[in-house]
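Chain IDs A, B, C, D and E follow the sequence of writing; residue 1 opens each chain.
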Amino acid sequence: MWSFFHKLGSPPWLFQISGQILRWLLPITVVALVVGAAWGLLFTSPDFRQGNSYRIIYLHVPAAVVSLAGYYVMAIAGAISLIWKMKMADIAMLAAAPVGAALTFLALVTGAIWGKPTWGAWWVWDARLTSMLILLFLYLGVIALYEAYENKAAASKACAVLALVGTVNIPIIYKSVDWWYSLHQPASIKFTGESTIDSSMLYPLMLCIAAFYALFTCALLANMRATILDRERKTGWVQRLVSEDA
Amino acid sequence: MAATPLLEAEALGAERAGRQLFEGLDLRLDAGDIVHLRGANGAGKTTLLRILAGLSAYGFDGRINSRAPILFLGHHTAVKGTLSCRENLLWHPSGERFTEDLIDVALQRVGLLGYEYVPASQLSAGQQRRVNLARLYLSKRPLWLLDEPFAAIDTAGVQSLQARFAEHAEQGGAVLLTSHQALDALSQARFVDLDGGPGLE
Amino acid sequence: MAARALSESLSSLWFALLRRQFMLAARRPVQVLNPMLFFAMVIVLFPLGLGPDTDLLSEFAPGILWIVALLSTMLGAEALFRDDHADGTLDQLLLAPHSLYFLVTPHLLAHWLTSGLLLALLSPVFALMLGLPGNAVLVLMMSLALGSAVMVVLGAIGASLTVGLRRGGMLIVLLVTPFYVPVLIFGTTAVDAAVTGLSPGPYIALLGAFFFAALALGPLAVAAGLRISVDG
Amino acid sequence: MAARALSESLSSLWFALLRRQFMLAARRPVQVLNPMLFFAMVIVLFPLGLGPDTDLLSEFAPGILWIVALLSTMLGAEALFRDDHADGTLDQLLLAPHSLYFLVTPHLLAHWLTSGLLLALLSPVFALMLGLPGNAVLVLMMSLALGSAVMVVLGAIGASLTVGLRRGGMLIVLLVTPFYVPVLIFGTTAVDAAVTGLSPGPYIALLGAFFFAALALGPLAVAAGLRISVDG
Amino acid sequence: MAATPLLEAEALGAERAGRQLFEGLDLRLDAGDIVHLRGANGAGKTTLLRILAGLSAYGFDGRINSRAPILFLGHHTAVKGTLSCRENLLWHPSGERFTEDLIDVALQRVGLLGYEYVPASQLSAGQQRRVNLARLYLSKRPLWLLDEPFAAIDTAGVQSLQARFAEHAEQGGAVLLTSHQALDALSQARFVDLDGGPGLE
């Protein structure tokens, strides 16, 4: 167990293992995305209520779901890097931030695009939408904080602290926003988040969600590898690596 | 007494903005030592001092092992312009507490007699630094790390500060200071030279 | 015996630092008045911006009051450690042979007393200006008092992380606002409840829980943040 | 001939100073983003505080948008000369053998372009989030562009007067807010008019008048204020 | 040339915080003059310099009549941490414009070769002051008022600065500077002593 932890802490090992993982995960991801998208977009019947506009769900829902998970990956990595002082952990944290932010943004945009035909409004102050927006701010905060520091070692520590504070707060934020929304019960639109989805839509949706998880992992690992190379550029093994490539 | 050093540093190295300032630097401060850290502008003196003081936790490699409470005076004097000279020392953030009489004596030693109640913002550049230097006449901490203590201080001031350093060393303290002026009154001072950093042509 | 002496010297140090903070505030009355002025001004702006319809205003008074209070505490927090970092005070704090947790609490307490609490005490004036029903005023004060303390701690965390940054701007706004959301929600709801005659008890209780949580954990994060910021 | 050369060197100096201000802004990306961030954040706070009811929000949208824009420009102005005073830049400006009027305009222009104008350009996003009718968006942008310029000048005047007393802080709010009031009123009225289908022309025209007045007279006041502040 | 003085001040007096710093002070700077303004901390040197520069319009009595553009370097260097060394000089707020090549030469003269593109905030205390001192190698202004130009500058730097002052004086300029260090390399320097201000005991 500890040896594994120890290995995790060693850049060369992580670099190499992540390389191997990517080698087979990347193709799978691509295939899953293509199949899921094709299935959802071409081989399912249009929704009786929303016609074809609903098909964006195969982009929107996965993005939304994974972006949420992304924050926890980031936060937990941050916690580990603070508590066990593990270099690779804060690399993971920093790699997760932009990916998560991008997915969050995608969920927002697709949602807004979807909202126009469905609610006749680009945006409504629904619980989910609001908390999604807040999640985007949390991501941007971590990224901006890291960018603002000149001393990157200090920067990642700072981000870890922020992410940690985030983990404590995110559940509270989500609960409070949900509760706030249920309390007000606006007259205008109800967000039919829990409405049952026909199984013919569900399976491709599931596939898309899985594909997005895989995509997130790939982006995370690729990001980490880049950071590792940059941080270890002075060390022997990187030098050797480069000379091999050249 | 001098058996155990007050501060011991081994193989210190620091890199800033991609430049290696110093490397494999060993340093040992025993009771009674006065060490003059010299070097051109940009050599890395302040960086080293802050590292030794423990203020740059992420910015160095090597081992530091300091066995005594540290009195650190840096380029920035933690002097608040709105507080009077006396108040600045009375509630000093470093956590040392002094009685008002002791403070007034110290202020008199640094030539601020009659300024006890003057807000520091109304003092001249050198006088503001003197408020900070008054701690050298108050603090009980044995290990002094002083970054440019003579900055903006007039000649008379420089002399009596050197006298104070000697006194402190005799009483079993240790002083590590940077300065671009020679310590003409401190023959016993040891030198550590950092030879990075470009000088004027 | 020695322990007793130590603890005594500790508490005397703690009060010395608190005293220091108060003095610094007292010597800059403007700084203390700032949040109040801000509060007053913005409260005045709202009828101008939203139109003088008194019913609507009084209906939204809780939300408006709470949003403005939130903004003014946040902006106050931005300056919390700025000077202390610029003039080297933080360096000295870190070198003190005491836990930073212990040393920052006077900062936070003093700041809250001179901003949040003061604001809570003055809020009735503005509440009446916006036509908030009298029976809700007490709840407003309580919720503001508790909530502002939580927001001060959260703001301090943001400040401690950004104070060292030359390229930071008011990054703190981005960092802190999301964390303010629950406080805002429960604060306004408490007042709303009081207005509509429901019991605000549970919400006040929740704010109280936040309050103690923030008090217990907040300074830890602040201390960590300051350690990082000092290491420019 | 000599005069031509002089005027050329003058304009090149003017652009150099403008360039400098832009660089200073560009090197602090967060600083530039501040107004936007602030805007976005506060826009989110309002539904949370006032409730998510879309109709009500859209009714209040003009007022909310304008108040928030006002706050963010006002807060930006507070820092306009802070650093320049602390680091001696103002001393150097005063020693330049040119009229201070001429030298401060780049400051103001750069600040407006990177805060007010940018904000006006982004306002449609927030307007839509608050459900402002599409036909009013253009008027909102125009009114914000003009109004923010006036507010920047007003803020600069306050800043130039308060920068001398260290930590003048939000005292500016007190000094300048009264002057903001007409801008706010005509700005919101213009947008409201557009919403209700009336012609916003007259209000925009009025804002335009303010705009030119501020441009012509503002820098004079700023220059005078700076002279006083430097003599500290 | 020396017929009309660059700066003439008569019966200058200044009071700060109820204390008369100086009174009835006459001062005249001709082309070629180097004047060393001396005095203990708090004597009033900075105050006097700011008055002569015209930065303290309301804080003095007497007559000042300066006939040449002034280059003033004070305790605060108007150096922006986020701008690179070069940019700091390229767009200097004092309104003097220089070409990039001239600037690079000047930077090299003050030992900042290779730092052209480094943000000033990443420089050491002395290096930041050197960015400001580079103006002494660029400016066309004949009348220099320098407050502690040697502050935080290393010994090599102090020497070459004195050489620069001599050069400037020969070229028909005038220098009035304060410093707590002796101008060992400037035998031609005149002295003006302010004997207010308490020194260390």
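Assorted remarks:
As a working rule, a residue touches a chain if its C-beta (ideal position, glycine included) is under 8 Å from a C-beta of that chain, and two chains touch if they have at least 3 such contacts.
Nothing here was measured: the structure is a model prediction, and the numbers come from that model.
For the pair chain B and chain D, chains touching both partners: A, C, E. Using CA-based centroids throughout, the chain positioned farthest away from chain D is B. Farthest from chain C in terms of Cα centroid separation is E.
Measuring from the averaged C-alpha position of chain A to that of chain C gives a distance of 32 Å. As a whole-number value, the distance joining the C-alpha centres of chain A and chain B reads 49 Å. We define each chain's centre as the mean of its Cα atoms; on that basis chain B and chain E are separated by 27 Å. With centres set at the average Cα position, the gap from chain B to chain C is 36 Å.
Residues of chain B found to touch two or more other chains are 58-59, 75. For chain D, the set of residues touching two or more other chains reads 27-30, 33, 41, 44, 48, 51. Under the contact definition stated at the top, the residues of chain A that touch 2 or more other chains are 134, 137, 144, 147-148, 150-151, 154, 157, 177, 180. For chain D in complex with chain C, the residues that touch the partner chain are 27-34, 37-38, 41-42, 44-46, 48-51, 60, 62-64, 66-67, 70-71, 75, 165, 167-171, 173-174, 177, 180-181, 184-185, 188.
Across the interface of their complex, chain A is touched by residues 29-30, 33, 40-41, 44, 47-48, 51-55, 57, 128-129, 131 of chain D.
Listed in rising order, the residues of chain C touching chain A in the complex are 157, 161-162, 164-169, 171, 174-175, 177-179, 181-182, 185-186, 189, 217, 221, 224-225, 228-229, 231-232.
Chain A contributes residues 151, 153-154, 157 to its touches with chain B in the complex. Those residues of chain B whose C-beta lies close enough to touch chain A in the complex are 58-59.
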